[in-house]
């Protein structure tokens, strides 16, 4: 039996999110009257929190039957999961702090729905499908992928000819990555760090590993909080951009000696290792905003530590004898594991892309490949979002359209 | 009997804060060996959360006996209060969500210690002392006041010849107001708003009422989060500064129509009234970072509302029929009532001023008046803080000192 | 006979630029020893100022014979042109304030070199070549194009099957447009506006038309100077980005009523027209940073004016009877016509791309089409630039490269 | 005979400035009708450029007779000086690049007017008056001082009992130093550096010596241009502020090794010395924005140099054998010596303070001392400026005024 307080809290959060996702609301209204997903079974592995619940409601209102679980052991909010599970045509298997075996058990339960469509954030669902549930592949119309890391994984699968279904890289829509990955990650990462640590950011040396869209967001907001930001990169063009954006750029070997807060956003493995932990100052804070908890080599950190203990909610102290290193949220993506994830208005665009791409998959037969979000979806969402914000913009005049086509005009 | 979980949580928070208040640590070490407050009874009304607990520990280690309660009904953290109450020579009477009568009952209990020294944040303790406990005044060596609002109140008392004891305006130390009021309020206000609402700040029209140090902090961090800031002011010089800092400046009558998030930081009453609520857009967020909950006229807001309900933790929805207004933390100072208050490193300086000013009161006989923090205390704290941050700065050379004294050099 | 003072000034400027273009210096050293352009005739139409002169020297040192003229009537610096003309194997036909017929006469003189390679900034050279000097086309190995506007023009030619030679879109290199168009245009536009007007930017409402890379640069620096920025756009995604970057976004019809300084960066025609001039406040400043002087409809402005007069160097006052509109640099690209153009260190990257792409054209037979800059050139320049800045960055470890290729790892 | 071109250029500049100084215009209108300075002789030593000319016109229109010269050998603009000298009741003795003896000769000529009022910027006039022209002191009603350095000098004179006349410290008005010293110096310093060097600021390490109001302005704008700013200070509180504003703070010994552009704003002597020049990188740029050219020890720099030559207008190269140091504008205040000084709108406020303080001196008999600007003048100017900007602000309601006076309200 479900706890009423849990349900109420979950429902409150979902209502709040719903009220702040106007584009998705318009799509839901359309879905409710047209039922474009009628009879469609959707298997989902996403961060189960309030905004995700609004996406699920939207799909359900379009006629779909949905099974959902989490895509990260620490990002599920149990109150939202409980509330979501009470919705018609929705089964929710996610739970906070799932063990590895529980995590994959839930993924398999979700796949048991025998899906037409899969929705991934990081690729664990699609990977399990290809690895151990191949019998389901023939029934699949297509899938979507929410995040950079998942898209990389799919591209690698595709290169290896291992991908057996069409997938739309929702992440790569302009109205997704330019906003979600940048403004979303930027704000929510710092929200999580600030609420978890209650420490001052102004005047601190903050190291951001990676200057992709997430790293840009984290750097920009760190600067906005008064930090002195250091960026590390492997890509020379991005390194130059970071420098000209006013940040210091150096190797992690150098940054490790200076930094007071470290945020990893690379999508890669072992960005912080024993070699860096050895150089760090007493009391540094480590937080990860990449998809997987592999960016810091936690085994190495643990092996170097005399004691490990929780010193505040979501803060683990690794005592190295002479120095202490504080790890937030076990190195899981800090904005979800120690916060509420991205702001609702940003997920409004990301999940509108999801909803419309799922419909696109249902309505069309795509080739087996990683597909871009159709540009008309991207533009449509941008236009609805502007409208929701009450912003009017210019349109090209006939004279201007003509000018853009012509090439004979000159000095 | 006290709940062990509560105690553990409280003690964890206090330890975390203590580890991030290096200047106060140095002072505590000195106090512990010199016992400058031996036999001194201190009555305190402060926000009872972790950083305050570290101040209390510091005073206790100096030999003082302490009775403490809250200075705001919603800013007490019960776990910290419980932990603090277990300390030797400390009695803590604060509780979260105290009713008005409970609030003043606790103030009176604190006064029952028959204090030598009072410590105020907002002036309720000193006011009660002058109003209903005058018999204690003769025993008082002096008091300190932590915040701008309290200092205003004391200045008014002094002007009316109502003040009957010496008080040091700790708020007015450079190492207090330039940091605590600006960087502290700026960060902690947005920490509280972000964690409470999970809404995007980027692209929002944010109205900050008041361009004092708190207002500057809130504006600066709003800009740093990507907001488009509007400032309202009554002081023309500050209004000009706000404009040249890149913000829009207008009357609240105009701003009320545009704003999406409103933050009051004026220290004054009825900054937002019925006239403004009538003009506001659907879904606006109201937050107060001023000391008292009078900046928004909540009776008027309530009287205009069809329904009032809690829609998320610390968010109350006032439904006006056609529009909804969301109030955070009942209009109490949002950074403490819906967050953990200022970052520890900022309170390190503020409370170091408190500790040293209390010692100063004990060591000296001051006139009945509102006194400035002795400049040598201010400078000493700045120097210790720089040292704690590992920052070395230049010193004037002999040549430079000479040059500054002379006036005969010219073109 | 050339004026010695002119020559000295030109040579000083060129030396200063050369000393601040370290990447191009390395390329020049290589060119000087390898002579990869031996026997190659290059026809160029670029802004003839100091940084361009350094590119010309570089090409000459590679063995090329060069004829160069301007690509805008107001961007030539006569001292630099004079100095450049004295170089071996270089003929310079550019002059400041060339009339339209003089301008195209010079273009034709440059083409008289019977070029192997053309170098364009805006496309006037290549256009003339295709329109009236087709006999030369057979001798052409290829061309390069420096700027967004020129690349658009070439893409349109290509779409119309009018393009008859291979061209490399130098503009589209990361190490070009991300830096030159953004940080370069941003700084140099404001340098020009500030030195020309001596007016305060802080607190002004600045309207930037277009949120491409130039518009971003101009907006970013306006904010950095304390302005309150309004962006106009026709693209909904860019409009959203501008909003979330903290700017106001609206139609030009609205912005025209508010703005105090207007900067056009759209690459399009008639962005400011009679309809907008009618709405503008008294005393507004108009500046263009787009390639051509068509963004403001100057005929309409002139026809509305009672008087037109020069009121300060590079400032023309259009008196509309009740209001005055001030136009900078006749609406020509303000950073070059009223300033010295982009900072040297930015052109270092842009012109290194030019030098290496010219070599690439000489070394390879490309198809008739608009080609991207080869990625290895882009990366090479970024790496050299980092080195010149003394910045070291990380390299992917073997473990990381493996991780990026694999897709089986997951939660 | 005066050159007509010179006159025209000077008059254009003055008209342009006049049109952008609305507050001073209102004061001039009042002066013209009331003639409050009738019969008053005013001796002035100010930077003779366009905004100053508008102040002089204002005083003349109030009935005064004026003699004016420069207050710095390199800040006079000869075209403005020529135009000013043609005005009724105005004699102008300033010239660009005056030798030391010419400079003081002109100061003495100005004093020959037998002044009632002196107007200083830096104190050279008042100093000369006290040192060699004491016979004039008895006729003096009072003086004004424009800048921080001059006020320091006067305070030192006053402490030494050397001051023999009342002086108003115009610099210390809120509407002066908060705007002129910060936004004015910030913008004009970078305008001068950018136009003089044509170098990129983004990504550069910029060292600002001094974090007073000028230093804040220079740091803020450097950050706004994408620089990575290092601040040096001798005051620990200011050093902490700089750090929490996001800048690095260190000793000049450390900063000297890192910086690429150095700006001195301390008002003190020998901030950069041989010890620092030895540590600097090849190619660094030195600029001074303090009043006197003493902040860099130029004799030491010269003595260390193998060669010294001008390499571009206003740039001198000191070649140390292995490294080059570039000095802008001979170390004179760069914004005036290599630019047009502060933006007109900022000087509008500063010079309105001058005009009204001069009137105040004429209307009142002040004690011999350094006086503050009367607060009502300060407020009046702020109010007029807001009006000129079209900005309306709130006024305290009766309820609010009452609340501010009372102290009995509390929690």
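To keep things simple, chains are lettered A, B, C and D as they appear, and every chain counts its residues starting from 1.
FYI, contacts are C-beta pairs under 8 Å (C-beta built on N, C-alpha and C of every residue); 3 or more make two chains touch, one makes a residue touch a chain.
The structure displayed is predicted, hence computed values, not measured ones.
Enquirer: Could you let me know which interface, B-D or C-D, is made of more C-beta pairs in contact?
Expert: Of the two interfaces, C-D and B-D, more C-beta pairs touch across B-D.
Enquirer: Among all other chains, pick the one whose mean CA position is farthest from the mean CA position of chain B.
Expert: Result for max centroid distance from chain B is chain C.
Enquirer: Between chain B and chain D, what is the gap in Å from one C-alpha centre to the other?
Expert: Each chain reduced to its C-alpha mean, chain B and chain D end up 38 Å apart.
Enquirer: How many angstrom between the C-alpha centroids of chain D and chain A?
Expert: Computed from C-alpha means, the inter-chain centre distance equals 52 Å.
Enquirer: If you look at chain C, which of its residues touch at least two other chains?
Expert: Within chain C, the residues that touch at least two other chains are 183, 200, 202-203, 223, 226, 240, 243-244, 389.
Enquirer: Quick check on the complex: what are the chain D residues that touch chain C?
Expert: 9, 12-13, 15-17, 19-20, 50, 183-184, 186-187, 191, 194-195, 198-203, 220-221, 223-226, 283, 310-313, 315, 339-341, 343-346, 389
Enquirer: Under the stated contact criterion, what part of chain D meets chain A in this complex?
Expert: Against chain A, chain D makes touches at 200, 202-203, 223, 226-228, 240, 243-248.
Enquirer: In their shared complex, at which residues does chain D touch chain B?
Expert: 71-73, 100, 103, 122-124, 127, 131, 152-154, 156-157, 160, 162, 174-175, 178-179, 183, 232-234, 236-237, 239-241, 243-244, 249-252, 254, 268-270, 292, 294, 378-379, 382-383, 385-386, 389, 391-397, 399-400, 403-411
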